[in-house]
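Presented below is the structure to which this report refers.
So that you can tell them apart, the chains are marked A, B, C and D in the order they are listed, and the count of residues begins at 1 in each.
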Amino acid sequence: MDYREKIARRVAMELEDGDIVNLGIGMPTMVANYVSDDIEVILQSENGFIGMGTAPKAGEEDKDLVNAGAMPVTVKKGACFFDSATSFVIIRGGHVDATVLGALQVDAKGNLANWMIPGKMVPGMGGAMDLVVGAKKVIIAMEHTAKGRPKILKECTLPLTAAGEVDLIVTEMGVMEVTDKGLVLKEIAEGVTVDEIKAATEADLIIPSDLKQMNV
Amino acid sequence: MSKVVELERVLELVKDGMVVMIGGFLAVGTPETIIDKLVEKGVKDLTIICNDTAFPDKGIGKLVVNKQVKRVITSHIGTNPETGRQMNAGEMEVDLVPQGTLAERIRAAGAGLGGILTPTGIGTVVEEGKEKILVNNKEYLLELPLKADIALLRGSKVDAKGNVWYNNATRNFNPLMATAADVVIVEAEEIVETGDIDANNVVTSGIFVDYIVKEGK
Amino acid sequence: MDYREKIARRVAMELEDGDIVNLGIGMPTMVANYVSDDIEVILQSENGFIGMGTAPKAGEEDKDLVNAGAMPVTVKKGACFFDSATSFVIIRGGHVDATVLGALQVDAKGNLANWMIPGKMVPGMGGAMDLVVGAKKVIIAMEHTAKGRPKILKECTLPLTAAGEVDLIVTEMGVMEVTDKGLVLKEIAEGVTVDEIKAATEADLIIPSDLKQMNV
Amino acid sequence: MSKVVELERVLELVKDGMVVMIGGFLAVGTPETIIDKLVEKGVKDLTIICNDTAFPDKGIGKLVVNKQVKRVITSHIGTNPETGRQMNAGEMEVDLVPQGTLAERIRAAGAGLGGILTPTGIGTVVEEGKEKILVNNKEYLLELPLKADIALLRGSKVDAKGNVWYNNATRNFNPLMATAADVVIVEAEEIVETGDIDANNVVTSGIFVDYIVKEGK
């Protein structure tokens, strides 16, 4: 299993039956593939619908129906389309149970930076700032490090997407929860030692006595 | 009286230096025929208000590539490298606005509101230069209305009175922009008889629409 | 012609082809009956639609379709239904060309009082405050006096609906325009003298040299 | 899982002292069956948020007549003399709010906004006790969000997932209230199969709806 699948599978386990979920572009999008068949998760797409389904078969794409990353998608029975104001009523208004997003940096206070590297890459925040502020649970799904350098910091150095809104960080090395006391390592991946994950993390990790293995 | 006019007629309305809202999300729900003609015509120094600058060869991106845009107020430019290049080279001004805030600011202009208070952007660079207001001990940013001289929209079905129905994900910013510009032009995928869209299912009332043009081939 | 019809007929002459108009309950509603056949006026009803038509025939009432006064109505082809937020986007956002409302009092500064008499009658403002603030043109249609006492005052004494928003006052005695200099009597009804209308009006009336007769 | 439940099940959710939003405009678009049952049940000390108090024998008016309402936040009470009587007698508190402001305050709560700035009410008693904010030299009132414990709505067609389509003038405050209450109950004139309402024509998404009951006879 590659690290991306591992992360996506673990994030999927966080979702509950009936949850309204918004998945960011890239690895977060993969989470939809690993949701248990025993539960129903309702996917919101910020370009204007609830009830996103799978990708269409080749040749069956609808030019009027793409996800927020412009990839062709389908909708499930019981879906609903709306305008962008309504889309963000749903997002900002606290009607999204969980959002899964990637990160450039995330820190021990739950700060997130994922929309720009000054002077280098400025894609813009799109809907991310609203999602992170509005969703009941913010889950970061990302590689633990970038080119060997930690992405989980004591304090973000890049411009923030939002302050103190991240709840959970899932990487290929483990699962970390943002708490008032700092980052708690809840689960550690098979084959990874506590020293290894500490070394790959700039922020201090609180290691609880009941540290579990990350099963995916 | 029908609002359906020839394309040439509406092109004259878009003038150098104007503030123009353009509907669409990554070019889905964008009036491509009007944009193609604006590229041909070469109208310049536009301020564009839009969700994103789409792709170099699609939607609003074509105006950027053709250097017709002086400033863009948008939430995302990542899919069009030319926007970033022009921004970094100082050739175009880019104001990045969170998507939900962009939607509310346009809506506020259309609704006659003086602004809205949003929690989005608090603790980020987005709050720079903005008034912060405390409500029930929580901080919000005061975000102001965004108006335009002209709005260029796309409807899936449009009747002669300008009532619009949008198919699937084409709706996005179109209904909001319809309320917030002095002149509103809708490019119709299909023009239908008045009454063909059930009055309960009309999304944009014809009262907001000034001109309708048929999508070209 | 009774005075109500006279007022309604005169107000109707203020409306232009293509105007979006919201008519208040009572005498203002009658205005729709006297709009010239040569023009099309689009009626907005603040309970949620554009394109209001005439009253239905007896027995053809639709329980789901009434005007803002709960009277059964119809809609014309090309109508559009919406929710109350959108209804007031239209109203407050300046998309209504003219509104016609009744008044308890109106004054020389364009102040209007039409929603309560403290301790006596408090129906509430309903949509009137938004209409008066938002409509491009505010026309007051009312009897010139109430039980012989002036309703057009130097300054309203009842709680205001809005300050300085009234444009035109149409009564059975004449047509008055609110200007920076005060109330200008534009037209006077047949059989009414300037002295009579002045006596029935507490506010000062400016009498222009081109005072016209009110033809309806 | 279907959200359709028996009427008895939802009546238990409405408790003495709660803040309850009720849809409808002069009783058009009001869940009459639920109201009748609440009158029978006699739940009391309610704070009702609604457009108007309808008529003594219709809609929300019945709860007023039966003295179950402690306070009402509304735009109009003129069609129900009993509301005025109870207000003047000090038996019920009445907060009058301009209709457009009421709609925006409910919407703001549902949208996670801290408030909105409106020109409506400036220079009137409505501005009393409210913060005034100057934007581009024009004064606006800061109006705050309105939330409820429970919303009682009426839909013309409702599917098992809670997607709602409203017929004609029944829409009014229903879609706004659906976003602004902890628990949302829709009384359906007709319950349809999921998918029977075109996804483009759904007005209230099922994600806002917790329970559906069938209108009674």
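In the analysis below, contacts are C-beta pairs under 8 Å (C-beta built on N, C-alpha and C of every residue); 3 or more make two chains touch, one makes a residue touch a chain.
All values derive from a computational prediction rather than experimental measurement.
Trainee: Check A-B against A-D and say which one is joined by more contacting C-beta pairs.
Mentor: Contact tally favours A-B.
Trainee: Need the CA-centroid distance for the pair subunit B / subunit D, whole Å please.
Mentor: Between these chains, centre-to-centre, one finds 32 Å.
Trainee: Report the inter-chain centroid distance for subunit A and subunit C in whole angstrom, where each centroid is the mean of the CA atoms.
Mentor: 55
Trainee: If you average the CA atoms of subunit A and of subunit B, how far apart do the two points sit, in angstrom?
Mentor: From the centre of subunit A to the centre of subunit B is 29 Å.
Trainee: Where the centres are mean C-alpha positions, what is the separation of subunit A from subunit D, in Å?
Mentor: Spacing between the chain centres: roughly 35 Å.
Trainee: Pull out every residue in subunit B that's touching 2 or more other chains.
Mentor: 104, 107, 111-113, 118-119, 166-168, 199-200
Trainee: Scan subunit C for residues touching two or more other chains and write them down.
Mentor: Counting only residues that touch two or more other chains, subunit C contributes 49, 75, 81-82, 88, 92, 133-134.
Trainee: Please classify the inter-chain touch graph. Allowed labels: line, ring, star, complete, other.
Mentor: Drawn as a graph, the chains match no named shape, so other.
Trainee: I'd like to see which chains touch which, written out pair by pair.
Mentor: Every pair of chains in contact is listed here: A-B, A-D, B-C, B-D, C-D.
Trainee: Report the residues of subunit D in contact with subunit B in the complex, numbered from low to high.
Mentor: Listed in rising order, the residues are 104, 108, 111-119, 133, 135-136, 138, 140, 142, 144, 165-168, 198-201.
Trainee: Hey, which residues of subunit C end up touching subunit B in the complex?
Mentor: 18, 20, 40, 42, 44, 49-51, 75, 77-82, 88-90, 92-95, 133-134
Trainee: Within the complex, which stretch of subunit B touches subunit C?
Mentor: Touch list, subunit B to subunit C: 1, 107, 109-113, 159-161, 163, 179, 194-195, 199-200, 202, 205-208.
Trainee: Where on subunit D does subunit C make contact in their complex?
Mentor: The contact residues of subunit D facing subunit C are 25-29, 51-52, 74-79, 84, 87-88, 94, 96, 98-104, 106-107, 118-126, 156, 166-176, 203.
Trainee: Can you check the complex and tell me which residues of subunit C touch subunit D?
Mentor: Of all residues in subunit C, those touching subunit D are 45-49, 62-66, 68-70, 75, 81-85, 87-88, 91-92, 111, 119, 121-130, 133-134, 159-164.
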